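When the chains are written out, they are named A, B, C and D in that same order, and each has its own residue count from 1.
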Amino acid sequence: MRYKTNPIDRTYFADEPAEDFNVIGSVVQRSDALGHVTGRTTFFEDLSPPDLLHVKMHRSTRHHARILGVDLTDALAVPGVVRILTHADIPNNVFTPLKLIGVQPDDEPVLAEGKVRYLGEPICAVVAETEAAAYEGAARVRVDYEELPAVLDVEEALAEGAPIVNEYHGNNYFTYEGHHCRRIRFGDVESAFAAADHVFEWRYQSAPIEHAPTETTGCIVVPQPDGRLRIHSDTQACFFTLDNTALILGTPFNKLRIVGGTVGGGFGGKVDIAVEPVACVAAMLTRQPVKYVYSRYEEMQVSSPRAAERIYIKDAVMADGRITGRKITLYVDAGAYSRHSPYGTTKAAAHLPGPYSIPNVWADCHCVFTNRTPSSAMRGFGVTIGDFALESQMDRIARELSMDPLRLRLINAYRDGDMKAHRKVAEGTALVEVIQKAAEMVGHELPAEYRQMSSMDRASMDREGR
Amino acid sequence: MAKLRGRGYASVNYPTGMNLGGDPSQALIHATTTGTFVVSLSSVDLGQGLKTVVAQCAAETLGLPMENILVDTADTDTGPHCMGTFASRGTHRVGNAVIMAAAEAREVMLAVAAEELEVDAGDLETDGTGYIQVKGAEEKRVHITDLALAAHFTHGRTISGRGIFLKEKNDPVPETGEMDPDSCQAHACTVAVVEVDDETGVVEVLEMHNAYEIGRALNPAMVAQQVEGGAWMGMSHALFESTEPYYPTRDHGPGDFNEYLMPGPADIPMYHNAILERPAGNGPFGAKGIGEMTANAPIPAIANAIFDACGVRLDTMPFTPERVLRGLDELRGNHH
Amino acid sequence: MITAVRTPESLAAAVGHAAAGGRLMAGGTVVMAQVNSGSVGSPELVSLRRAGIGGISLDGSAARIGATTTLAEVEESPELAFLRDAVRSIASPAIRSLATVGGNLFVPQPYGDLAVCLLALDATVEIAGPDGSREVPVDVVLANGVAPGEVVTAVRLAVPAPGTWFYHKAMRRKLNSAAIVAVAAVVGTAGGVVTSARIALGGVAPRPVRAVSAEGVLIGRPLETDVLDEAGRAARGDIEPFDDAYASAWYRARVLPVHLRRAFLG
Amino acid sequence: MASQVVNLRVNERSREFLAAPGTSLLSSLRDALGLMAAKRGCAQGSCGTCTVLLDGRPVMSCLVAVETVDGASVRTLEGVARDGELDEVQAAFLEGFATQCGFCTAGMIMSAEALLDRNPDPTREDVVEAISGNVCRCTGYGPIVDAILDAAARRRP
């Protein structure tokens, strides 16, 4: 065997009881690898039922517009086009991904109705005997628009007089129990700023990022003899897909069966229920198997990206490196619809102020609607961009104070028993140790008192004067 | 022209799981007539190796070899509910559910073995190769193949178990943000070494040193896969990726892998990774779930390394050559 | 939708199909991508794969490269070894075994690095059409394309003397990425100064362009840093840079002098 | 115009099938011949998941109009193992943990086969170049490069 492993350093957490495992902790060959190297693993698109129909979408060419009319005449005349679905064909034309667990909002139509709110929003689904005919039909759909002003920047979207992206919300932000943002209020940051030796404030920004799985999002729906629909999908969450699709179709849940589980990369992008509802409607109406799979262009530009974020961090810092207050204003660019962004914004809030014990924390985390492709979950949801901002901030503080950046982090590192800003007591922490280990790996010398710090021993930090 | 070298640091934690509406996953497990245990799930393997790691959890708990475990997953007709594969929850939630199901099945297995061997179930142990044997009297034993047959045809017993892991719903307090959103935290510290071309702004990541604390490395080779792939994605996010390169305008959005830039095999650094284990009390054998965290620390570590190399502070992702060069020009008072 | 794909077995037949309105396709790397996304815009494709217009021949330093010669064949050709680095900077092996020398002339910037080389080499393009054949300088084809019904059949070029060929391509990735700036040049020197210069640039204009201003700066002067930097700044007058997913127009113009210098001094 | 009969020699077997105008080699392999190893990752020649060998050369099969290669010889991942035995590249990928989601694997292996057919003793740079058109989103490429070098070593006498 010629595989890679990384050394496990047991000198850290040496007190953890040694356990005698049989297969845990051992290198076991991946159960899927033989299928992969022989090309025999079956991904959803490797299914090829007879009489398969193909769906291609006609999408908005505008950021924000009223739909005045949709003309399907030329599209229906394309040889091989079987049917074209509009919002009127979708029994319950609204995505409700989290309805069964009581989470709103239901702010996104399956197919656009009356308005489009982002470039690429689906309007009509062309069902055809071949992919080429479906593309041709989709290209021949004519939509008459009345262009509306669009807003593409999070802070502009929150400014007075900005165009409203989605009437459902009435504002360009998601409302958290009456608040215009998800809040963290812990201690008193203003007092911390007043008492600080230094106050530093900087801004960070990211742009949307694509999951870019090598397999695009898609499904094949096969009507069954018993009237049920078997949905072969690369969803990351079979029951999410089943539940939400059934609600959209208005069918009993047990009419649907999801078969999945072998996915060509997800990274969060296949948590949305993007393709199955339309494919199921098409299959029900035509009584034929239907494939709806994103093109690479759709995957790149239409599927949910990782949200762009803008983050302002203002820190109260003492001369010895202790951060005594951290005030954060965070904007998540949700795009035109909620999807999972309100949750991601809450997750971002819970992560603040990073892995540090800061006694005073204030955060306003805004989930903002813009006329942009809706964003949603991606690997590190709510955290990745925050970490970029937080750890850049730490580096800047260290430089402002002419401090060793690792010592600054160790002084402020959270430990077992610390209460985090969201009032959860930390346990199982190990920030101190990964920093110590990284320092050791690169030969970054730390004084003894820093090498002796421990996540389990708050006293070791108290010696630093806290 | 100069290649400016710099080193940057970042340390992060990452929460496993979510609290949104409750976060359950289930597992069912049963023995076939010949002692193969089928783990029934509806969980999705995205390539991270979930099917393999839950099979390990089942084998370990049952005390049987891996060959005796089959994982049948992601069919909503046959598998019990799983919330989905996201939020670094797969190993943690599904692993826990499988352990619970396997523990219940093991109890039945030992009870049937006790009947078969006419001993007390409490005196039995598994040897990991397929035998259930009497502690201290190992010659008194039965192989799972024979035992399962006997369970079916002699004792009329199903050797099976049910498992569920639920992280209960927790609503944040709107005024303060008080909440309990996750189950455990994994940790990472990255040291990135970069070289900046001071004439073009091109950044090359030469080395990445990563220390990860992951609770427990259930399968060290798959941990190595996750951490290296994650570090690569972090570097990719840092230096290349965006669907909207001129954000907030939407111009020139890439439509394929030519335009959507990610580091290719020629652009990868040397990785030096080390693992620490601080088992989580609520994790399967202490594992925490690291799928997401591994991509995070490299981004600020690279930003900080760029500053260290050339004095340019990149506060906007991605750190394109253009952004670096504009920063260098500004530092040099040099407006070409 | 495609209704027919022709694979004529002679040049004459290919010209006939092209004249009848078929969309020409050589390697297929551009056209088939459009077919697959339903955007090719022509119902009939005419493949040149079997039209008998491939192959490399050399007569002294005069090379003739058939239009359907693949980039991989150029890469492997000992006669054209000077082009190897340039060809290897284009896409990836599985594209280079399809993409052709003729097709590369019609690839939109910032792709088409071989066309940049051909411009620097002052190549001639052989074209067959319904009314017979003609030969034109490569810059004419790059500027105007060919007439409907015409087929590029070959390019002719002089293999540059040893030490006179220069190529450098700046990309976002080390391999398989489009040009931020591509520089190809044939520059002769005598007595330590430049006596002749033909410099072509890619990635910095809607089509490959000659850096005539830079050439003017170099003539009569040594290939040294200061001179090249001056030439690079002068070359900014020869370009029409654009924004795309790879880089902005600003960045392309900003780094052009750097890469022009690096083409000569590494 | 009607579909055309196309003949290919695929994995050393003669195969004859009908292709509608404009059908790619990739679609023919998958839809007409049932050979599903090559994947449609982008249909634009930008991801490499559909890489197969066409007359011995690696190509993006999504970019080949199948009617234009009538009579050609094609090798896919299904034709790599001999008598059920993994070849060296497959074995090296398997044992080297060079697969994660598996969607790029077929293309990666075919690019590696193309390399090793022509260059049995590649450098790391040669390997990197050979797979420079194959996108992997999971592994970070390192294990794949290592596996191909390992395969070359296994293949050397």
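Going forward, a contact is a pair of C-beta atoms (placed from the backbone, for glycine too) under 8 Å apart; a residue touches a chain by one contact, two chains touch by 3 or more.
If you're wondering where the values come from, they're calculated on a predicted model, not measured in any experiment.
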Between B-D and A-D, the pair joined by more C-beta contacts: A-D
Nearest-to-centre chain - CA centroid comparison: A
Cα-centroid distance, chain A relative to chain D, in whole angstrom: 33
Distance between chain centroids, defined by C-alpha means - chain B, chain D (Å): 30
Separation of mean Cα positions, chain C and chain A [Å, integer]: 42
Centroid spacing, where centroids are CA-atom means, of chain A and chain B in whole angstrom: 17
Sites on chain A at which at least two other chains make contact: 3-4, 29-30, 32, 130, 132, 212, 262-265, 267, 295-297
Interface hub residues of chain B, defined as touching at least two other chains: 46-47, 49, 221-222, 224-225, 228, 230, 233, 245, 253-258, 260, 262, 264-266
For chain D, residues that touch 2 or more chains besides their own: 20, 22, 41-44, 46-47, 97, 100-103, 128-129, 132, 135, 137-138, 142-143
Chain D residues within the chain A interface of the complex: 20, 22, 30-31, 34, 36-44, 46-47, 49, 76-78, 80-81, 86, 90-97, 99-106, 109, 135-138, 142-143, 146-147, 150
Residue numbers on chain C that touch chain D, as the complex places them: 1-5, 7, 25, 27-29, 32-33, 35-37, 40, 45, 47, 49-50, 72, 88, 91-95, 97-98, 175-176
Interfacial residue positions of chain B with respect to chain D in the complex: 46-49, 221-222, 224-225, 228-233, 255-258, 262, 264-266, 268, 271
For the chain C and chain A complex, residues of the former touching the latter: 1-2, 35, 37-39
Touching residues on chain D, where the partner in the complex is chain B: 41-42, 44, 46-47, 97, 100-103, 125, 127-129, 131-132, 135, 137-145
